[in-house]
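In what comes next, chain A is part of two complexes: it sits with chain B in the first one and with chain C in the second one.
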Partner chain A sequence: MSIKIALAGNPNSGKTTLFNALTGSNQFVGNWPGVTVEKKEGKLKGNKDVTITDLPGIYSLSPYTLEEVVARNYLISERPDAILNIVDGTNIERNLYLSTQLMELGIPVIMAVNMIDVLEKTGDKIHIDKLSKKLGCDVVEISALKGTGIQKAAEKAVALARKKEAGVPVHEFAAEVESAIRSVEDKLGMEVPEEQKRFFAIKLLEKDEKIQKQMKQAPDVAVEINDLEKEFDDDTESIITNERYVYISSIIDECCTKSRKEKLTTSDKIDRIVTNRWLALPIFAAVMFLVYYVSVTTVGTWATDWANEGLFGDSWSFFGTEVPGIPVLIESALNAIGCADWLQSLIIDGIVAGVGAVLGFVPQMLILFAFLAFLEACGYMARVAFIMDRIFRKFGLSGKSFIPMLIGSGCGVPGIMASRTIENDRDRKMTIMTTTFIPCSAKLPIIALISGALFGGAWWVAPSAYFVGIAAIVCSGIILKKTKMFAGDTAPFVMELPAYHMPTVGNILRSMWERGWSFIKKAGTIILLSTIVVWFLMRFGWADGSFGLLEAEQLDSSILASIGNVLAPLFTPLGWGNWKSAVAAVTGLIAKENVVGTFGILYGFTEVAEDGAEIWGSLAGSMTAIAAYSFLVFNLLCAPCVAAMGAIRREMNNAKWFWFAVGYQTILAYVVSLCVFQIGTLVTAGTFGAGTVIAFVLVLGFIYLLFRPYKESKTLHVNIKGIAGAK
Partner chain B sequence: MPLTMVKVGEHNTIKKVGGKEETRRFLENLGFVAGSIVTVVSVIGGNMIVNVKDSRVAIGKDMANKIMV
Partner chain C sequence: MKTLREVDCGQTVKVKKLTGEGPVKRRIMDMGITKGVDVFVRKVAPLGDPVEVTVRGYELSLRKADAEMIEVE
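So, the complex of A and B:
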C-alpha cells in the first residue's frame, strides 16, 4: 500500500535538510501546477511505498503568499495520509503557530522538534510529553543536520499514516470564539467531512475568500463575524491570530525550560558586527571580492581552461597521461565509421563546438555556485538582502533583487531562477527583466575582444561594461516603476533571518549541483537545437549557381549571410551596419561567447583564442572605436542568450510578459547604442546629421521618462493571488 | 511610539501593528502580535533587525514605523 506523507514547517526550520536526509537521492524536483514554486517529492529511504512531499516553507495557512496557497491547496485537496510537521526547537513559539493550524486539517500529524543538538548546548529543554498532550499529536526530538532521531520520526509517521486516525486538535480559544466556530461548523452541512469542519469554519470566520470560492455552498457567516468583531473590537482574522498566540503562550512555560536569560545569542553577536551600520558594506565587499577572486580568477580560470582547452579541446592531462579531448575522440570515432563529411562537420563544428563552448563554463559556475550555496546556507545571504535593501529601494527594486543579479554575473540562467525567492510579483518581474543586464561570464570574451581590438586593451573598458550594466538596471528600475504596469509602492521589506550556522558539505554540494544541472540541461536542449539551426544557416546557401553545402570559406554566400545582409541596415545608425557584425550579434543570441567565434570564422580563421586576438587587426579595420563600443553595449544589453530567454519565459510564466521583457531589453539596447554612436561620433569626428538629432531626441525622451513624476496606481493588488487561485 | 524610535538592545512590548492589510497579516503570522516582546538587534539607515518570539526578522523602515510599542 502506498503512503503519502507531507513535510510541513516554517522556512529555515531545517525542512529541506530533513527531506534530503529522509529521501537521499530518490528525489524528483518539479513545479507545483501552474505556478513557479518548486515541488520536491521523494521516496523514503528503505521503504519505496512511502512518498514524501516537501511542501514550501510557510508561516501559516493564510491566503497571502503563493507558497501558503500552494501548500494548503495540496493539504486540502490531495489529503496526504500524514503530515510530518517540523518545528525549530530554538524558536518554538513562532513555529507552533503553524502547528496549531495543521492540527485543524483533520489529517494525522506528527511533530518533529528539530535542532535538539543546539538546544542541548544552550541548556534549554523541551518536554515533549507535555507538548504532545497540549497539542494532541505525537512529538519526537530530532536533529536533521546530525541525523539523530529522524529514523524514529519517519517510522512514527508511517505508522500513523497506516492507522488513518486523524488527530483531534485539543487547543482551545476563548469561549466566545469557540461558540462562534461551533455555530459555523453546524452550518457547514454535508459538503465538508466532519474532521475538516473546524478548519473550514475558522477560514470562513477569517473571511478567507479563496476558501469561500472553493466551496460549493459556502454558508453565510456574517452574523458570527459581526458578533465577534463587536465583542473584541478587532477584525476576525486578527482575533484568531491572537487567540492562537495566546494559547501557545499559555502552554509554552510548561513545555519548555529556558536556561538563558537576557543573553545575546552568538547569532545576534555576529549580526551586531556584520549588519553594523559602518561595517556592513565593507564586510560585504570583502566577502564578494573573495568569492570572485577565487571563482573567477584563480581556481575558476584553471577549471575553465581545463574544460575549454582540455576536455573540449585537443587533449588534457590525467595524472600525467595525455587524454584526448572530446572533439578529438568524436572525430576519430566518426572517421572510423566512415561518416559523411557534412554530418561530421555538423557534429564537430556545430554541435560539439557550440555545446562544448557553453559546457566549458560549467566548472567555473560550479565553483561560484558552491560559494553562493555556502553563503545561502550559513545565513549570510539573507543579511545581504537586508543590507542592500535601502540602496535598491531607491530605484524600485527590493534588497532581495541583489541575489539574482549577483548569481547573474556568473550566468543569467540560475540568476533568473534565483528571483523565485522574491515574493512580491512586481518586484520579481522587474528583477527578471533587469538581471541579465549585468555582464555574465559569457559576455566577458566580447568585452575582451572589443577592448583588445579597438582600445588597445585599455583598463577602463571592462569596468565600463559593468557600469553600463548597473546603470541600465538603475535606470530601468526607475523608468519601469513609473509605468502603469509597475506603479505603486514596492512591497515593504519583511524577511526572517535564519540563525547563523555551519552548513553540511552534503547540502552545499547538493544545492550547487541542482543549479549547475539545470544549466547543463539547458545546454543539452535549447542550445543543442539552436547550434544545429545556426550550423545549417551557416553551411548552406547559394554558391556557384546552386543551393547546397558550402565550403568553410564560402560563408558569405550562406543563408546566414543573407539574413545578415537584411539585418545590417537596421544597425547602420548604430555604426556597425555590415553583415558580419549583424551575424555575430545574431549568433550571440545562442550563447554570447559565440560572438567572438563567429567573427573569427567570418574573418577566415577556423579557431580563435578566447579574446579573439587573431582578428583584432581585421576588426579594427572594419569599424571605428565608437562603433565598436556601440556594438559592445548592444550585445551587453539586448535580449540574452536563448538559455536565459528560456529561463525568463519559464519564470514569467506568461507569454505576454516574456515578450515585454525581451522587447524592452532589445529596444533599450538599440536606443543606448544609437546614442553612444551618434553622440560619440559628434564629439570625436564632429559629424552632425539626422542620426544625431534623433539621438538627442531619444536622450531627452529618456531623461523625461527618468524624471517624470510617479503615477500612483490604485490597483496595487499583487497578481500572485490571482495566479494561485486560478489553479 | 513607533518601533523606529527604539534603541538597540531595549525590550519593548508591541501595542499595535498598522499598515496595509496584507503586510500586517504577514507580520502577525511572524509573531508581531500585540503583547509580544520585541528587541532591536541592529539598525542600518532606518531598516532594522528585530528579535521577536526568539526569531530574527529584518523589516524595512516604512514597516517599522507602523509597529507601535
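So, the complex of A and C:
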C-alpha cells in the first residue's frame, strides 16, 4: 500500500537536510503547478511505497504568501497520510506556532525536534515526553545533520500513516474563543469532515477569503466574529494568532529548561562583525567581489572558454596532447561518410553549436550555484537582504536582487538563474525581468564597436552604457510595481535572520546539481531550438537563381536578410532603418557579440577583430553618431540572447510571464532608442518632425508612469486554482 | 504613544498592541511579535533601515515603517 507523507516545517529548520537524508538520491524536483514555488518529492530510503513530499518552508498557514497557500492547499486537498513536522529545537517557540496549525488539519502529525546536538552543547533541554503530552502527538529527537534519530522518525511516521488515526488537537485557547470555534463548527454542514472542522472553523473566524471561496457553502459567521472582536478589542485574526502564542508560552515553561549561561553564541559573535554598522558594507563588497571574481572572471571563464573554444571549438589540450574539439571530430566523421553539405552544416552549425551554447554555460553556472548554495545555507544570504534592502525596495526589488544583477554584468544567464534565491514571487519576477538590462560581457564588443566607429573611442560611451542599464532597472522597477501584473502579492519584509552554521558539502553539491540540471533541461531545449532556427534563416536563401544552402559570406542573400529588409522600416524612427543593422540586431539574439561579426560579414569581411576595427569606417559612413548610439541602446536593452531568454522562460515557469518579460524589454528598448535618436537629432541638427513629437509624448508618458500615485495592494493575487486539484 | 521604531538599540521593550491590519500585521504576529512579548532591539542595518530585533529567542529583521505598527511600553 502506498503512503504519502508530507514534510512540513519553518524555513531554516533543517527541512532540506532531513529530506535529503530520508530520500537519498530518489528525488524528483519540479514546480508546484502554475507557480514558481519549487516542489520536491522522493521515495523513502528502503521503502519504495512511501512517498515524501517536501512542502515549502513556511511559518504559518496564512492566506498571504504563495508558499503558505501552496502548502495548505496541498494539505487540504491531497490529504497526505501523515505530516512529519520538523521543528528547530534551538528556536522552538516560534517553530511550534506552525505546529499548532498543522495539528488542526485532522491529519496524523509526528514531530521531529531537530538540532538536538546543538541543544546538548548549549546545555538547554527539551523534555520530549512532556512536550508530546502537551501537544497530543508523538515527538522524536533528531539531528538531521548528523543523521541521529532520523530512522526512528521515519518509522514512526510510516506507522502513524498506516494507522490513519489523526490525533485530536489538545491545545486550547481562551474560553470565549473556544466557544466561538465550537459554534462555528456546528454551522459547518456535511461538507467538512469531522476531523477538519476545527481548521475550517478557525479559518472562517479569521475571515480567510481563500477558504471561504474554496467551500461550496460557507456559513455566515459574522455574529461570532463580532462578539469576539468586541470582547477582545482586536480583529479575530490577531486574537487567534495571539491565543496560539499564549498557549505555546504556557507549555514552553514546562517543557524546556534553558541553561542559565547568557553568553554570546558563536553566531552572535559572527553577526557582530558581519552586520556591524561600519564593517558590513566592506565585508559585503569583499564577499561579492570574491563570488564574482571566482565564478565570472577567473575559474568560471576558464571553464566556459574551455567548453566553448576547446571542447566545442577547434581543439583543447589534455595534459599536453592536443585533442580535437567535438565539432572537428564530427566534421571529419561526416566527411568520411560523405554527408551532404546542408546536413553537415545543420549538424555542425545548428545542432552542435546549439548544444555547445547550452553546455558552455554550465561550468560557470555550477561554480556560481555552489557559491549561492553556500551563502544561502550558511545564513549570509539573509544578511545580504538585510544590508541591501534599503536601496532595492524603493524600486520594487529585494535586497537579494543585488546578486543576480552583479552576476548579470558578467553573463545574464547565470544572473537570471541566481534569482532563485529570492523567496518572494513578485521580487523574483521583477528581478528576472530587469537583470539583463545590465550590460553583460557579450555586449561589450558592441559598445567597443560603436564607441570606436563613431565616437573616436570616447571615454564616456562605456560608462554611459552601464548608466543606461542601471537607469532601466530603476525606472522599470518603479513603473512595473505600479502595473496590474505586479499589483497584488504583497511583500512584507519581516524576515528571520537565521543563526550562522556550516553547511554540509553534500547539501551544497546537491543544490548546485539540481539547479544546473534544471537549466540544462528546461532552458537547454529552447536555446537549442532557437539556434537551429536562426541557423536555417542565416544559411538558406536564394542565390544564383535557386534556393539552397549558402556560403557563410553570402549572408546578404539569406532568408534573414529578407527579414531584415522587412524589419528595417520599423527601425527608421530609431535612426538605423537599414537592413544591415536590422540583421545584425537579429543575429544578436543568438549571442550579443554576434552583432559585430555580422556587420563584418555584411561589409565584406570574413572575420573581424572583437571590436570590429576593420569596419569602423564603413559603419561611420552608414549612420550618424546619434543613430549609432540609439542602435547601441536598443541592443543593450532589447530581448537578450536566446540563452538568457531560455533562462527567463525556465525561471518564470509560465509562458505568459515569459512573453511579458521579453515584450516589455523590447518595447522599452524601442521607446528609449526612439527618444534618444529623435531628441538627439533635434539637439544636434535641429531637425523637428512627427518623430520628435512622438518622442516628447513618449517621454511625458514615461514620466507619468514613473510618478503616478499608487497604493500597495494587500492581497495575494496569484491564481491558485491550479494548485488545489493538482496531482 | 511609543512605537518600536522609536526604541533605541540595546533596549528591551514589551509589546503593548499592534495597530494596522492585513498581511503585514499578520506576518509580524506570525513571526511571534504579539501582545506582551519582550522585544530586544539589537541593531540597525548599515544603511539605516531595516532593524534587527531579538524576539522569542531568535533574530528577526523588519522595516522601520512596519515597526511603527508595533506599540510598546
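In this section, the second predicted complex is superposed on the first by the 477 of 727 C-alpha atoms of A that agree within 3 Å, B and C clash if a C-alpha of one lies under 4 Å from a C-alpha of the other, contacts with A are read in each partner's own complex, and residues count from 1 in each chain.
By definition in this document, a contact is a pair of C-beta atoms (placed from the backbone, for glycine too) under 8 Å apart; a residue touches a chain by one contact, two chains touch by 3 or more.
It should be emphasised that the depicted structure is a prediction, and the values quoted were computed from it without experimental measurement.
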{"item": "Clash-or-fit label for the pair chain B, chain C on chain A", "value": "clash"}
{"item": "First (chain B), second (chain C), both or neither touched by A:Y629", "value": "neither"}
{"item": "Chain B versus chain C as contact partner of A:F312, first or second or both or neither", "value": "neither"}
{"item": "Partner chain(s) touched by A:T241 [first = chain B, second = chain C, both, neither]", "value": "both"}
{"item": "First, second, both or neither for A:F199, with chain B first and chain C second", "value": "neither"}
{"item": "Which superposed partner A:I387 touches (first chain B, second chain C, both, neither)", "value": "both"}
{"item": "Touched partner set for A:F519, first chain B, second chain C, both or neither", "value": "neither"}
{"item": "Partner chain in contact with A:Y97 - chain B first, chain C second, else both or neither", "value": "both"}
{"item": "Common interface residues of chain A - those touching chain B in one complex and chain C in the other", "value": "59-60, 62, 64-65, 90-91, 93-94, 97, 237-238, 241-242, 245, 271, 275-277, 280, 382, 386-387, 389-390, 393, 492-499"}
{"item": "Chain A residues touching chain B - in the complex, by the definition given at the top", "value": "59-60, 62, 64-65, 90-94, 97, 237-238, 241-242, 245, 249, 267-268, 271-272, 275-277, 280, 382-383, 385-387, 389-390, 393, 489, 491-499, 718"}
{"item": "Parts of chain B lying in touch with chain A, wherever the complex brings them together", "value": "19-20, 22-23, 25-31, 33-36, 41-47, 49, 51-63"}
{"item": "Parts of chain A lying in touch with chain C, wherever the complex brings them together", "value": "59-60, 62, 64-65, 90-91, 93-94, 97, 235, 237-238, 241-242, 245-246, 271, 275-278, 280-281, 382, 386-391, 393, 490, 492-499, 714-716"}
{"item": "Chain C - residues contacting chain A, complex", "value": "18, 21-32, 34-35, 37, 43-50, 52, 56-63, 66"}
